[in-house]
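One structure follows; several queries about it will come next.
Labels A, B, C and D are assigned to the chains in the order they are written; within every chain, residues are numbered from 1.
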């Protein structure tokens, strides 16, 4: 018996539930040198903004215990160059393309998504309303239920394919935000983005990031992400895409059991570029051993204590 | 030149800024077999509630990447036995005793603190308004600014020595909660308590904790704790006690630079029971090397990027 | 509870015992003299990668040589890393920890009931008893495993002069079946008031041993396992429910408990 | 950028070069043949304890033996762990990565400007040039360090037949002072249009080298370092500011940059 790894979210079929996370696979070109992108369920691009952005000055990454901090600051080529220079490459790849969109204002989200709506070969957008590394926008949206609802609703008006809202973990109640996204018409929610954190060089007394704070990611945050995925899955009808510290297939299984329909692999790609491929392989092997026919046999099946 | 490690918080002098965290040193008896408690700036007891509590059934701890999850569930002997059986031992130790207090209702906090007010040899109470592992009370208080203000204010009426409010990191804006504690009359804030998290056994499909979720602690969460300490220090006048993932003296230095007046060592005690002693030693050595005379020469001195 | 020390020692000898079982001998260990059967050490692998310490019963000590031995099986990340340790590698040990076994009286029949990786503390207990003048012939060493390969260090046990009674589920060594069956037979053929039982092994085996001892009125002790963040009694993570409704910490109230004490 | 592979290899040889410097040779390395001077490998230590990979310039390869060598100094946790690796230990390598050096023309004077741990890629470059028929005599190998112990592998460099010019700040070996001083002297005594400079070393040294090359009109390249989470261009963590106002990724747009390209 071979396991069927296919999943469907908002009518879109994915060959498997293992995607790469935004900001951790660029626009696909570099990763395609390491493995054929067709192995991925989907590739989520680096956040795209209206104008090109340089991001914060270096240093903008720092290593931590079983994780890292980043304050890249949404460096990206801007939506026009993205469409002209990056989409053609992605269109040739046999994988789903999800474009992550960020903005400083409501209008920016709308404008970028409007532009993207004309682009073929783009399966969904993911709204980054949770970036901790920019002064304006980003996390502000994702920390406020009504802004969340509004930004999703506005984007749904201009973008006709499915919209994923990517949620911030830096909130008191992520379920409330997920419900607001649902209310706004989101087709799915993805969580979590990075957690606000910092580190200081004790010799120079300088923060290790020029942005003073950054986003914590990697295995360190996995338990937090998993609890949030579980909570959102239990109280919100939208499909959940699990993100946070997934490094191996067993991590992916944990997220599926907690209710994720798909997972995104971020930081682990840095440490092991083939991680997503190994996760797909491991997941298939696990399903075979457990005699599971489809991914649905795993999703949300954690046996919670009563 | 020898470095002076002494600090003062709310008029109380501490021999050094290195304390053990609540729930990680029991009531001191066991740790005293490993090193003389006089080496500590202070010992913070396990949370005390009005009635004795057994806590959650096992398993109630799980290992994670550079950290752990616990859902002990405030297991403790109750305030009466604590006063009768534990205080006499602590009174004989040459260290400051801070009693951590938890409750399911406002009334419970007040009643416990009232009882403790009669006890000599007890230097401060720390209000655990941030425990993620109980159904009622705990984190509910610490996630709501007005409840935070109220519980602190009520306790201040019945407990005449200094009161520390221990804050939860599972909030959108910890600064708001810290200010509410200040408003309520807290003499200091300590942060962070553990982060809500979970883990699942992929063979049995069971959560690794009978409570389904637990609190994540250890080096994994240090960057989060540090960013919160820094934020609270920058926007609130109260002394801040830094907690979260401190395992070595360099971690303690980072917290002091970010504005902590003292630090608490939690999970690290499990891995290395002598960690607090080593941190004191390392801190002294560091201050000597950096030619710093007092801990004040470190507190809040991080040179943030402008 | 004994006063533990936290000290750096070195791996002196590593023996592979087949079937993923290993013996590690550490030296110099300043606490060798103070170790009693039932005590355990809490071993820290370098770095954060295996975050918690790992608990291992002391299998043998040589106070004169300052040596201490543990025996373990690879079951996960920590034990896998331990199997790759090489002589000369430094290791930090917290110990001795826990409450040791109470020795039986000399005239009693001592029934060791060992299962799988539960045998090391019973090996230590048997050897300690003999060195204190107990008659090895009165020690019945029941040792159960799935198959012959799980019953390790057989010649070492036999050399003690005890009555060695291997039991395997597949019958590849000794009698076939579960270890508790011949234990029960032995007790039925002897004066139960003059027997004492010591059990250490997997949960199911301990449960049966505990029940059988209660049923047949044989006193004794069992040694338990639990996840152990601290090992010294401060975290309350290792508790087990007691029959009286309370909780006990395996690390310091145990790991050795009396028959009937724990709600297994 | 070259197509990298991610493969498990083994430590074959470990040499201590004094003063905390080590050489590690890995084998079998399937990519040995494809490695060019300036390429680096991204090395993963087992486990999460050293979380990021660590980048090391390739110092030498032997395609026939499938061997690849790096040379490093202990400066932190990762390199300390690496110094404790033992022959036979498995290591995962991602590589070859980065954009290699462009070779000079044969008639040009090649000025290698190495500082501290910056010397390995220049050793590789010199050797590669010679194997391709460059005259070793036209390679001036300036190599600066704080003290004599920082100028390692001297006999190996000399054996290449290059003009070896050690420089130490304390004068304990070669000329005394900063390495850029004799470099400048050399250029002033030669036709700058016929010189080409290659620099690798600490930031301050690279800055001076870059300035001096710009000032004296000598073309060339420098190899940079930066924190490198991914090494393959996807994280944007390793960027350096360029003189044109943009950012470049050290890992794939570099690590080798032309003189004047980077805003140092």
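Basically, contacts are C-beta pairs under 8 Å (C-beta built on N, C-alpha and C of every residue); 3 or more make two chains touch, one makes a residue touch a chain.
Every value quoted in this text rests on a predicted model; they were computed, and no experiment measured them.
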Steps needed, at fewest, to go from chain A to chain D via touching chains: 1
Chain at maximum distance from chain B, centres defined as averaged CA atoms: D
Averaged-CA centre spacing for the pair chain C and chain A, given as whole angstrom: 48
Whole-Å separation of chain centres (CA-atom averages), chain A against chain B: 34
Centre-of-Cα separation between chain C and chain B, whole angstrom: 37
Where chain D touches two or more other chains, by residue: 48
Chain B: positions in contact with at least two other chains: 64-67, 218-219
Graph class of chain-chain contacts, one of line, ring, star, complete, other: ring
Contact pairs between chains, per stated definition: A-B, A-D, B-C, C-D
Contacting residues of chain B [partner chain C, same complex]: 23-26, 30-31, 33-34, 46, 54-55, 57-68, 70, 72, 75, 218-219, 267, 269-274
Residues of chain A touching chain B in the complex: 64-67, 69, 143, 170-172, 195-200, 202, 204-207, 210-213, 216, 218-224, 226-227, 230, 245, 250, 253-254, 257-258, 286, 301-305
Chain C residues touching chain D - in the complex, by the definition given at the top: 47-49, 86
In the complex, chain D residues that touch chain A: 1, 3-4, 6, 44, 48, 51-53, 92, 94, 226-227, 229-241, 246-247, 252
